[in-house]
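Dropping the structures in below, format is structure tokens.
Note that subunit A is present in both complexes that follow, paired respectively with subunit B and with subunit C.
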Partner chain A sequence: MAAITIENVGKTYAGGVPAVQGIDLNIRDGEFVVLVGPSGCGKSTLLRMIAGLEEITEGTVRIGDRVVNRLEPAERDIAMVFQNYALYPHMTVRQNLSYGLKNRGTPRDEIVRRVDEAARILEIGAYLDRKPRALSGGQRQRVAMGRAIVREPSAFLFDEPLSNLDAKLRVTMRGEIRTLQRRLGTTSVYVTHDQLEAMTMADRLVVLRQGRIEQVGTPLDVYRNPVSTFVAQFIGSPSMNLMSGTVRAGEVRVADAVYPAPGVPDGAVTVGLRPEDFALVPGGARAGMPARLVNIEELGSQRLGYFRVGGETVVASFPAGQVLSTEMTLYPDLSRLHLFGADERRIDPAPLRAGAV
Partner chain B sequence: MQTKRTIFGNRWLPYLLLAPQLAVTVIFFLWPAGQAVWQSFLREDAFGLKTSFVGLSNYTRLFDNAEYINALKVTLVFSVSTAALALISSLLLALALDRTIRSSRVYTTLLVWPYAVAPAIAGVLWWFIFNPTIGIMPYLLERVGYDWNHALQKGDAMALVIIAAAWKQISYNFLFFVAGLQSIPASMREAAAIDGAGPVKRFWTITLPLLSPTTFFLLVVNVVYTMFDTFAVIDATTGGGPAQATMILVYKVYDDGFIGLNLGSSAAQSVILMGIVIALTIIQFRYVERRVTY
Partner chain C sequence: MVENHRWLDVLAHLTLILGVVIVAFPVYIAVVASTHEPADFVSGLIPLLPGDNAVATYASVLEGGVSSQMSVPILTMLKNSLIMAVLIAVGKIVISVLSAYAIVYFRFPFRQLAFWMIFVTLMLPVEVRIVPTFQVVADLGMLNSYAGLTIPLIASATATFLFRQVFLTIPDELMEAARIDGAGPMKFFRDILLPLSRTNIAALFVILFIYGWNQYLWPILITTDAGFYTIVAGIKRMADVVDSEPLWNYIMATAVLAMLPPVIVVIAMQRLFVKGLVETEK
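And now, the complex of A and B:
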């Protein structure tokens, strides 16, 4: 168990293509950190640099109090779960689990004890003598987890471990991994492109974009206060509605409605509103946006309405029974209104949050 | 495996399309093979005037013949050594290539060239290299105090044919090993690296077992190759000598039949060889395609 400290880490591939740049991140002991971002954002590269599978070209990575830049993967005291599980196909489950321990010269009875313990925790005791090809996707996933936990490493590294599973199993496994990690208290770094997985599993989220950290925070913090339009759209499903608006004299005009935006400099802005932050009845003195219903998606627990609002498409979610008609007025929750400047960065009109509701 | 089925409008068309291939197979393979089997039961007199049916006598005589037993032993040594040399050197080359990222295409192309060389040419090539009078290798070997002469020394002759035959086969094995290595997911080796296995340990415990289907397939192919396709190599280098030291079965078939004109015995030998190749083919299909998967 150890903290992982990443200081000014960068990776430049031969030919001068920067994959990851200027990453600073402190992962606390026992914390579950999720690196999330679209493909090509450098999240896997960063993870592989921590693992020692990619060379670190700039900065330092520390696991515990050791700088590990020059250490072999085996010497870093980490375990990794791969996307394709990377189980050794010619070995039985038991041999797969023991392999890492054997290589380290662990005594025989200690190996047996740890493998049996892992098998018990993961409920794979019945398949110990099978080969990986005789296992289902979920069972293979567990064996891959088992291979990580028998080693009792300082940190677990997960590289999109659930993306080969079907949707239902993914939900189950995500809960299991999280429960197991809490129980073992092992520091974990988890890479995924799935924002839902990131939201549900993380103690802290790290949103990456083009090799740089865009935002770090708890899932709710990132969800409620995205620092940029990129994060706003990436986190949350359906993603946040972004509409173009104009600020003049402390008020923002968007889709024929005017809302207070005290202290925000005049000019063009992007107005962000999450689908769940619309109401069909005015609360207080709020102005509404005239909207024309285009399409309805039924999700069972809720229904999503797709509207044309001032030339833009807006998604709003409502409770399952909500009646929707063609011409309606949408009233946004002003406490949840996000403003982004021309540089796509968040603008916080501080008084708005306190008083305007 | 699902194969695509084609429906023909005319029921004779598929037979017509198959006919050329079937004709080639029947005329150049089945018919001569049948003739060999028939001939192996016959014996001609010394002047070729009279042919009589002798049953299995040609076969029983073979196994009482010291020269034939010798040829069996020579074939065994030659096949196993050639296959081992060809497999090991091609695996080393493939491993080296697998570590090289840049210009691996160039290496692959160059390493495949020997396969395009006709066996007889390969034989002559090595015959020149090892020629006791003008060859470069005997010259170099003499400097380290070894007097190479494959025309006199049995061991030298065997070494020469093994090297020449193996060299021809390395390209073929190399291609299969490269493909085999590339089909091993990188994450497997990374997982093993994290599991604390060094490069050597990784090779023995992960790479080699995962290559075993390829290796077994190549082993069978190589043994078949050394038993049958090395005729030209032998003929161009040692001609089976000295003193029968490189007289492998397939060369003996030729030597007894076409030089010695003992057609019955030669036919019996080729039938035995045919039996061996059929056995090897069955092994290959039964085991390679099914059992040797991990």
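And now, the complex of A and C:
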């Protein structure tokens, strides 16, 4: 168990291409932090720098109170779960689990105890004498988890461990990983490009973009108060609708409707609205946006309507069974209206700030 | 085959049978020749059916009783060939697996250069560099020794290249997992890489054993001491008689015996051999 402190960490590859820059992050003891971002955002590089598989060009990484910059991966007291599991194909599951302990000189009966314990927790006892190739994807994933558990490390590092599983198993496994992590209380850093995985698993989300941290926060905080259009679009599915609008004298005009935006400087803005923040009936003093229905997607529990609104496509979600017609008016929930400036950064209108949090 | 016509099957079989006949016929003649009297073979009419002299021929060949033409007992030559083939095969595998490991897994200065230099030596087989190589071996006093027979043939670009390809198919994550598991470079090599390339090593051993066994020019050049004659070179010496007809039945009997060890190696390691050549999943 340990906190991980990352200070001003950067990675520059040969040729001067910066992959990761100026990362500051404090991961608390026992916390489950998810690094999320599109491919090429540097999330795996950051994780591999914590693991010691990638050299740290600048800054320091601390695990517990030790600076680990110069330590070999094996000396950092971490365990890693890889995307393709990286199980040793020629060893049985038992040998896979005990290999690291054996290298460390752990006494034989202690190895047996820990392997049995891990096998019990993960319910892989029946396959201990099989080779990885005789296991299904989900079972291999468990063995990979087991290899991490037996080490009893101060931190788990996960590098997209669920990407190779089918959708259904992924949902099950993400629950299991989270339950297991809570039970063991081990600090965990988890890398994924799947925003849903990130949202559902994280204590705190770290959204990365082009090697820099874009936003850090709890999943709900990031969801409700995205700091930029990038985060707004990346987190949430279907992603947030972004429409172009103009602010003049404390009011924003978007798609022929005008909404209050007190304290926002005049100029072009991007107006963000999540699909679930539309209603079909006016509430209070809200103005509606005239919309033409283009397509409907049925999700079972809800239906998604795709509309043309003032030349832009807008997605809105409604409860299942909601009747939709070709010409309608959409009424946005003003407390959930997001404004982004020309620099794509969030602008909080003065009175709305309280309601938005 | 995409289509499944009967005549296509017949045609395919005929083609294959023809191929087998072409390949196997000389071997058959050798076996037949070893069962006849020496004179039968040079009478102008080559016999196509086995004769009745087989037992006598093989017995005297094995006893080394044909003193006029065989100064060295065949068992000594078989032993020399065996030592040479095994040393070459093992030496080539050890050296190439180590150099491939260095090239694939270590970042050292001039790594690419080292790889390409090894690769370029592919274009210089023993026959091309045989004169300078002989000079070096002679200067080192390695004529008429097992060292002289094997060392110049051991360095192998082909095997290095093959192991490089094998190692490249092994996912990097495996190495990283081993690093996290506390396995140093040699431990990773011994515990992970070697077991994973087991089938490739076996396949290569078969190929290299036969390569070493069939060495002809080099042993002839550097062995003058009869105690170091190898069997393949020995056959040539048997045919090289000046004052009488070569005893073809004995020569062919020796050739047949010389074929046996490689055949045994191939049969014994066939399963691993095929696996090593076709297996891709790591």
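Basically, the second predicted complex is superposed on the first by the 352 of 357 C-alpha atoms of A that agree within 3 Å, B and C clash if a C-alpha of one lies under 4 Å from a C-alpha of the other, contacts with A are read in each partner's own complex, and residues count from 1 in each chain.
Note that in this section a residue touches a chain if its C-beta (ideal position, glycine included) is under 8 Å from a C-beta of that chain, and two chains touch if they have at least 3 such contacts.
These numbers were taken from a predicted model, which means no experiment stands behind them.
After superposition onto subunit A, the modelled positions of subunit B and subunit C overlap sterically. In the superposition on chain A, contact of A:Ile149 is made with neither subunit B nor subunit C. Legend: residue contacts after superposition of the two complexes on their common chain; A:Val222 is shown touching neither subunit B nor subunit C. Once the two complexes are overlaid on the shared chain, A:Ile235 sits clear of subunit B and of subunit C alike. When both complexes are overlaid on chain A, the residue A:Leu46 reaches neither subunit B nor subunit C. With both structures placed on the common chain, the touch criterion links A:Pro89 to subunit B and to subunit C.
Of the two partner chains, subunit B is the only one touched by A:Lys131; subunit C is not. By the touch criterion defined above, A:Gly100 reaches both subunit B and subunit C. Judged by the document's definition of touching, subunit A residues 51-53, 72-74, 78-80, 82-84, 86, 88-90, 99-100, 103-104, 133, 147 lie at the interface with subunit B and also at the interface with subunit C.
Across the complex, subunit A is touched by residues 171, 173-174, 176-183, 187, 191-192, 195-196, 198, 281-282 of subunit C. Subunit B makes touch with subunit A in their complex at residues 185, 187-188, 190-198, 201, 205-206, 209-210, 212, 294. Residues of subunit A touching subunit B in their complex: 51-53, 72-74, 78-80, 82-84, 86, 88-90, 99-100, 103-104, 131, 133, 147, 151. Chain contact summary for the complex, subunit A toward subunit C: residues 51-53, 72-74, 78-80, 82-84, 86-90, 99-100, 103-104, 133, 147.
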